[in-house]
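Take a look at these structures.
One chain, chain A, appears in both complexes that follow, with chain B as partner in the first and chain C in the second.
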Partner chain A sequence: MIGVLKSLTATMGTFMRKPVTIQYPTEHRKVPERERAFPILLWDFNIDEPFCTGCHACERACPVECMTVTMRDNPLFAEGKSKRRKIIDEFYIDYGRCMRCNICVEVCNFDAIAMNNTWSGHELSTVDRKELILDLDQLLDLSKRKDLQAWDPAAETRASTEGRPQPPIAQVGATEDAPAAGEPLTVAERSAEEQDSPPTP
Partner chain B sequence: MTNDPDLPAMTYDPELETIDLNINIGPQHPATHGVFRMVLVVDGERVEDLVPHIGYMHRGAEKLSEHMDYRQAIGYQDRTEYLAQFNAELCYVQAVEKLAGLVPPERAEYIRVILAELNRISSHFMFLGAFGTDLGVFGTSFTYAFRERENLLDLFEEVSGDRLMYAYFRPGGVAWDVPHNFVERVKWVCDQALIGAKDLDTLLTDNEIFIARTLNIGKLSIEDAIDFGASGPVLRACGLKFDLRRDEPYSIYDRFDFDIPVGSNGDSYDRYLVRLEEIRQSVRIVRQAIDQMPDGPILPEKLPRALRPAAGEVYMRCENPRGEYGIYLISRGSTQPYRLRIRSSSFCNLAALKHMTVGHYVADAVTILGSIDIVLCEVDR
Partner chain C sequence: MALVLWGLFGVDMNVWLDAFLRLQLIVIVMTVTVMALIYVERKFVGRIQMRLGPMRTGPYGTLQSVADAVKLLTKEDLRPATADFWLFELAPYVTFVPVFMTLLALPFMEDWGVRDLQLGLFYIVAVSGVTVIGYIMAGWASDNKYALLGAVRSAAQLISYEIPLILAVLAVSMVAGSLNLNDIILQQDTIPNALLQPLPFLILLTATLAELSRRPFDIPIGESEVVGGPWVEYSGIRWSIIFALTEYAGLWGMAVLGSLVFLGGWEFPFGTSGFWGDFDFLYQMALVFAKSSFLILTMMLISATFPRLRIDQLMAFCWKILLPFGFLQIVINGIVLMYLDSEVTRDIALFATSGALLVAMAYVTYLATRQPSREARVAAMVAARSIQ
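Right after this comes the complex of A and B.
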């Protein structure tokens, strides 16, 4: 009996505490800036084209093979406006397959892909799973609207992934002073990288 | 058959025999912690025999890992041990490091140990909550434990970006550095965890109803526990002071001062007490680690773009919240493991389930299953 009464003191103590519940559909918890929902593509506002050149690095590194990438010649390169020789033509990500491991972000040579760190990456329920296969326009939409959260600057300077500065989120909402996209990989570099990467099973 | 003169004469046919009843629990049952099916043979209320059926959640994580390079397989470790993901990842990346000869920097080691210990706390909170629910403390202990677990998950989300499938450790270190307010956050979370442990302690430990349901239920002797290959709190509750963090220190565990709680009786109540005390000991480790944590890089200077360990094999075992978690890796010099085998602690602890349950009541079968803190994903892999 004494033990049960002692248990009740714990219940009473909690009764006095402030509730920690969040009324979810009406109010949203703030997600941290490192939130990893689903991968999206980033838009280069300087040149008005995606950062992505369609180099297939993410497609090959994806453990669950949820990506489909094709590239084409960049018309803006021919006009001399862009440094990217190739540009993404079609990009599909199957969110139903994606396991949100962040590997595509890490292997990207152009910082063209990032994990959606907003609530829109979580509330994706659909009635048809075909709607979870996103095309290029849908993938670029969030970056074009500049809705992504930026990482905190202190972490940005110290953090690094594979020797390169993390995160690509720094390019989110890029304006005039944004870092220009790097040189595209040469054919030799790309084939060297291909040998390093695991063959697709 | 008594011949009570007050009762009307009953027809008794000696040819008529009583038969045992088969009761099926699961595969989808709130008390089986996942898709686990057990068939109980009961005589009245007493369990005569128990046949566990596993394999409902088999995804072939080991086979799938053979088609992936060493980094891609990290994600499957999270999904194997979905309550102690950092611990499972730690074991895996250490196996790869042993194979490839990588030495992680100091800072990365500390980050890993801090997160692994915090994950142990969150896993034990999950146990305390779910165990109460198994016993019929409906919702109370569960909500208390989850309130505390939520603080930990929030921290993990701030560090790694995900609430459950962290994929944060890498062979050679961690994926990226911790946020700038990490130290303060960890200290706060440790304080909260102790408050939560105290709440649950007050709620359950001296509660007569809880004691009546758990004391002397599912007893296991040290010899039997060793024979079944039980590990972790199930083994320590029997009284054997065996903890890989102390007996075979991996990572940097030899630098910390902590106690290993042991039980004496080997029953469900002792398993509960051991886990409750382990929360406090983990907080001790985290507090020491956070004070010692140095600055510096989080990945080695020269990390190859694609890991190609030399041909060889390695077995790495770690103390997970549920016991010994082992990774056996064979490399043939390619970017993919030739074989990846997971030694899961839940599977071995589950082997002792029949031995512990036979002779107890049906309701106690649920208690005992809950007390070994089972993760079915880890059993089936």
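Right after this comes the complex of A and C.
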């Protein structure tokens, strides 16, 4: 009997509370910074070419074989502007098959590929499956527009761990005792840097 | 339009024309009310569940009911090949017409209903009982096991809860000494019947929920058990007649009836002679609107709070609790009204006895629904083991 009244006050209480609904197509939640949507390629603003050298490492590692990579000689290397001998020629990723496993990002020696961590990686519905096969320009587009969210590991650690000891956040392959000195910048650092400085022409 | 309204509110007119116009008015108001109620319920229940409810059709989703109506009217009206043609096609109307007929006797304002019946209360109770026939027709004609199950369940539930409902209004009409709704309202100018008769008021609320098959009494149409009960096979306009019109018009009708009979209708707080002269009817309408809205929201809150009862709990609650206490109330009312002449002592006695009965009913329900303590259950299990 008391329970009846209690439950009525409980429902009245929730009636007074603010609804938790987010009206999705017009409002978005913030995606977490380490969100993994689909892989995209990154653009090297210093030299104005993709980081990707077309080395096929990601293509071979991809468990579902959804990538197609071809390589060509880099004209900018001949001109002496770039240190990359080879550069990517054609790059296709079939988002219809990709299972967002992050392996391609981990195996890439040039930090040329990263997981899209914005909403554009999620709202991909198309009327035709063929449109889910992205070519080089589309893959580079997000990075060129600098729309990738910078990942601030320190802030994230502060926010999510509440003082628990965390494994050091490091690029795969970099060991703790041989840290970043002289090594290529990690994707996170690079994207943070790019956010700060305008591209050098 | 102004002329028509003028005619409705006093000027003499051909009796048939008058009836026709009043009916038209009721139909229009009912349709709008039903749409509004559907919207209000979705919003209200949404907020209770911390959702927003409909938001995308029109500003704040206000046009959602209109969109739904258009969708339902243009949907295909399916009929199973094995269904009984006439029963299947007619069942929605058989469920809806009684609900509509109850609206005809309700005085929404002073001396303004479609018809002012001398036995209005009796008429409403009698007519609303017919709805169950439509349920059974629909369930039988659909040639579907779930539909038939639902129909049988609704027959059991609706007929059972009809009796406490009748007892509740009977108790009130004893106090008022009349079955005419206008008289009953006029008699509540100082104290509404809900105060004099709290127990029948509660019984009426409960029985109304059951009569309308709303949660927690939605056993006949429980979608997780009998997938919509008698209405499994209906679609399109027939389904909307059944569901939207019958359910929500019924809700509206019963809420207005409750507000008239128990909450004093347009009479209670300020008396009939309003302050606005010729436009008193507006204020009376607002009063009835406010009271019935309160009842409707209460019922929606109850519906949104409690889970569905089991059918044995439902029947036990009706036959073992509501019914005996309803009868007790009537007997006590009889004694009080017979032997107490002075109005004050009579009112006090009515309030005291009904309140005491209410407390007693709550206590009996508590005793019946009490769970044995954890220790007792463990002891029982241990005892059962040791017997083996």
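Keep this in mind: the second predicted complex is superposed on the first by the 140 of 201 C-alpha atoms of A that agree within 3 Å, B and C clash if a C-alpha of one lies under 4 Å from a C-alpha of the other, contacts with A are read in each partner's own complex, and residues count from 1 in each chain.
Methods note: a contact is a pair of C-beta atoms (placed from the backbone, for glycine too) under 8 Å apart; a residue touches a chain by one contact, two chains touch by 3 or more.
Everything numeric here is computed off the predicted structure, so don't read it as measured data.
K.L.:
Which chain makes contact with more of the residues of chain A, chain B or else chain C?
P.N.:
B
K.L.:
Quick check for you: in the superposed arrangement, does A:115 touch first (chain B), second (chain C), both or neither?
P.N.:
In the superposition, A:115 contacts chain B only.
K.L.:
Just to be sure I read the superposition right, which of the two partners does A:101 touch: chain B = first, chain C = second, or both, or neither?
P.N.:
First partner only.
K.L.:
Quick one: is A:61 in contact with chain B, with chain C, with both, or with neither? Answer first, second, both or neither.
P.N.:
Once the two structures are laid over each other on A, A:61 reaches chain B alone.
K.L.:
Touching A:1 in the superposition: chain B (first), chain C (second), both, neither?
P.N.:
The answer is both, since A:1 touches chain B and chain C.
K.L.:
Check the residue A:15 against both partner chains and state whether it touches chain B (first), chain C (second), both, or neither.
P.N.:
Second partner only.
K.L.:
Between chain B and chain C, which residues of chain A are contacted by each of them?
P.N.:
Looking at chain A, the two contact sets intersect at 1, 4, 7, 10-11, 14, 20.
K.L.:
Inside the complex, what are the residues of chain A that reach chain B?
P.N.:
Touch residues, chain A against chain B: 1-4, 6-7, 9-11, 13-14, 20, 31-32, 34-36, 61, 63, 99-103, 106, 115, 117, 152, 154-155, 158-163, 166-167, 193, 196-198, 201.
K.L.:
Tell me, which parts of chain C touch chain A in their complex?
P.N.:
The contact residues of chain C facing chain A are 44, 46-52, 55-56, 301-302, 304-306, 362-363, 365-366, 369.
K.L.:
Quick check: in the complex, which residue numbers of chain A touch chain C?
P.N.:
The touching residues are 1, 4, 7-8, 10-12, 14-15, 17-21, 23.
K.L.:
Residue numbers of chain B touching chain A in their complex, please.
P.N.:
Per the touch definition, chain B meets chain A at residues 67-69, 71-75, 79, 140, 144, 147, 150, 157-162, 165, 167, 175-180, 199-200, 202-204, 206-211, 297-299, 303, 305-306, 335-336.
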